[in-house]
Amino acid sequence: MALSREQLAQRVAQELQDGYYVNLGIGIPTLVANYVPKGIEVMLQSENGLLGMGQFPTDDEVDADLINAGKQTVTMATGASLFDSAESFAMIRGGHVDLTVLGAFEVDCQGNIASYMIPGKLIKGMGGAMDLVAGADNIIVTMTHASKHGESKLLAECTLPLTGKGCIKKVLTDLAFLEIKEGKFHLLERAPGVSVDEIVKLTAGELVVPDNVPEMTFS
Amino acid sequence: MSGFNKVVESYEEAMSGLEDGMTIIAGGFGLCGNPENLIKEIKKKGTKGLTIVSNNCGTTNHGLGILLHDKQVKKMVASYVGENEEFERQMMSGELEVELTPQGTLAEKMRAAGAGIPAFFTATGYGTPVAEGKETREINGRHYILEESIKGDFAIVKAWKADTYGNLVFRKTARNFNPMAATAGKITVVEVEEIVQPGELDPDHIHTPGIYVDRVIKGNFEKVIEQRTTRPSA
Amino acid sequence: MSGFNKVVESYEEAMSGLEDGMTIIAGGFGLCGNPENLIKEIKKKGTKGLTIVSNNCGTTNHGLGILLHDKQVKKMVASYVGENEEFERQMMSGELEVELTPQGTLAEKMRAAGAGIPAFFTATGYGTPVAEGKETREINGRHYILEESIKGDFAIVKAWKADTYGNLVFRKTARNFNPMAATAGKITVVEVEEIVQPGELDPDHIHTPGIYVDRVIKGNFEKVIEQRTTRPSA
Amino acid sequence: MALSREQLAQRVAQELQDGYYVNLGIGIPTLVANYVPKGIEVMLQSENGLLGMGQFPTDDEVDADLINAGKQTVTMATGASLFDSAESFAMIRGGHVDLTVLGAFEVDCQGNIASYMIPGKLIKGMGGAMDLVAGADNIIVTMTHASKHGESKLLAECTLPLTGKGCIKKVLTDLAFLEIKEGKFHLLERAPGVSVDEIVKLTAGELVVPDNVPEMTFS
């Protein structure tokens, strides 16, 4: 079975380490915050100028001056700090964030990522995504493995305008967890109940499949 | 005005000197910390052919978005189009010129303008459409592109408090692009929730020194929330 | 150490990992806001062949100056030699390699290193010995030189207060180069006058967020004044 | 009579305008603060991170954490702000300071200035001087017109390593106030009792002398 949005978030959360500063993109990445493993502390960076993002506010706590990068009202965690956008991106672009999680339309086996526009159809803008992918060493892209029509999003070469070039090393889809190295996708894990064949079929870029591909486990 | 007193009494005075075809650097992240009354004054003035530099263009009916209705904006320099359908429509149809700029690069371009740095290298955007026509360079094994600073004829800024000398303090994430914008305008206009006397702000905790600020006005703010998200009270 | 607790208990631990030949970025402007105990620890360790990046090199007998006595410093990157005769002597005799760097360029080089900017253009130093061997460029009719960022294996920093997460607040002009230095070290070590619990510092007024800081230690400070100048009491 | 140090400061102070942000270098420039004309407010910038420098402290007020760029203990004026060195030089390099006053060893009629070292003899370092001369539009150099041995310091071409190239437009010496334009010194004013001839004799760079050279006046 393909992973649910919640399971995607859960699997990403397994990559968290104690003391990590983490930037979570809009959408599925945001859910990761709900699955931080026990005994581990992480601090969430919101690129609009907040380190130490807390949970959503109660009605009484809502403050128009305190939002996240998705423009949702939020709160601050204990030990939070606030700063301007230049400082926020100094953190990001200077490589100080330990883990970045974000979505994409496509990735390819050169580590390229496309996520900000579909020419003629959709222009969202890159926001902070280009900075995040260029600044981080440790990035996990979360996305569906293929479109509704069964077209692979893990390509030999991205077809959409790029958000970043050669910067993606880890991809978690609803079907698999993969690493990108030496110009190839490497299958690391498969979603519970998903066959290697299905993953192979839905991966357009070159895929290396080891003899043994463990299923993901969720506690 | 005498000495360092930068307080003006009307929005008309605050935006005086703004002319058709000028470039405006605007603080704010969506509707958070945006100089909403200064924007309304620009709408009222009807100034046309503006280039606006700001992370996004508000929403369709609030913030900078209201300047799109009457086609006051010739060009937007922004990182994000989402949450404003009119922005996307004018961009797609070619009515509005748009220079999509990564958020961190945009913040740095404003800071650089204020700091006398005409250009800097950044890895952001290398190998993407953002790099088109820009110089690239490999430094210590990594690829970078050269980005230029961006200065405005006006900068419009929202702060929490100012003293009459124009020293500014921002509040929470309403800070965002405002401090950099404040440094990047030939004329920097700031609207605030409260004006205090010099000496009332802790010098160690002034976010923007008054040297960057030309005019200060006290406003009343609507503070529209784009995405009100809450959790149940315990 | 667990979670975000960055407090260490000894200066030995604070400077562990420092090796011969490393580069150290140091905060402080002369003896004001200089990490005096971290410097003493380096002297005690006897680490040699160091490159030190700091506005100046303390005085002959205080601050970074004490590392010159035993020839622990191979190279200084600094803007100012004055007030330290031993520095000037070793420089003149060629015992010490010195890269004289304008003060603003030095501050910007540190900031750039922390902010992922490998190089930037500046007008400072154009047409002077500082420009030798550097790329020059005319942009909008003005001349600039290209300066590269400067990163340290260690950054040593003095702040006023820290919380255990490494969030920092500086005091008065003891801030100077410290915030930029804090961003530019692979390992950033901060000594402070007071350590408080997370949540005790106002998030709006933290000067350096803890993300830049690896180790925090509470020290006792001599705070030598270089030029005590006073006016008569009224 | 050649101007005294105090008179030099007084003459510079006549150039101050209400609302000016001013950076005063070490030495004579520092004295300018004592002669701010009545009815005018200026704010002093100290490049180590203080805007709104006040007078020297009383014994009770001395604070090791509050010094000026000359490393002297100072106080803060009402409305002062404190910041880090990058911000301080952003102000300076970004052209936000209205007037900069600093000393020099030599200037020449191309607007070049030399002030930070004498090879083989003296290395002080440029400190913030290179940033100040490159960042400001409005600079006044204060210096003695000639050395003790009668050698002019206003040259056709500087002989010492430069602090800045083509950036100086106004020079106040103990003998004269001069403007530099189109590759020449232009004599604007002379010190009380100093003859045009004396100034001509002690100016090595090309000097334009108008028909009428007024004496400086001090109130």
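As written, the chains take the letters A, B, C and D, and residue 1 is the first residue of each chain.
To be clear about the criterion, contacts are C-beta pairs under 8 Å (C-beta built on N, C-alpha and C of every residue); 3 or more make two chains touch, one makes a residue touch a chain.
Treat the numbers as computed from the prediction; the structure is a model and nothing was measured.
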Minimal step count in the chain contact network, subunit A to subunit D: 2
Pair sharing more residue contacts (C-beta pairs) when B-D is set against A-B: A-B
Farthest chain (mean CA position) relative to subunit A: D
Whole-Å gap between the CA centroids of subunit A and subunit C: 36
Separation of subunit C from subunit D, taking each centre as the mean of its C-alpha atoms, in whole Å: 28
Numbers and ranges of subunit D residues touching at least 2 other chains: 82-83, 86, 89, 92-93, 134-135
Multi-partner residues of subunit B (each touching 2 or more other chains): 108, 111, 115-117, 122-123, 170-172, 175, 203-204
Pairwise chain contacts under the document criterion: A-B, A-C, B-C, B-D, C-D
Interface residues, subunit B side, partner subunit D - complex: 1-4, 111, 113-117, 163, 165, 167, 183, 198-199, 201, 203-204, 206, 209-212
Residues on subunit A engaged by subunit B in the complex (per definition of touch): 46-50, 55-68, 70-74, 82-86, 88-89, 92-93, 112, 116, 120, 123-131, 134-135, 161-166
List of subunit B residues in touch with subunit C within their complex: 108, 112, 115-123, 139-140, 142, 144, 148, 169-172, 175, 202-205
Subunit C-touching residues of subunit A, taken from the complex the two chains share: 18-19, 21, 40-41, 43, 45, 51-52, 76, 78-83, 86-87, 89-97, 134-135
Residues of subunit B that touch subunit A when the two form their complex: 29-33, 55-56, 78-83, 88, 91-92, 100, 102-108, 110-111, 122-130, 143, 160, 170-180, 207, 223-234
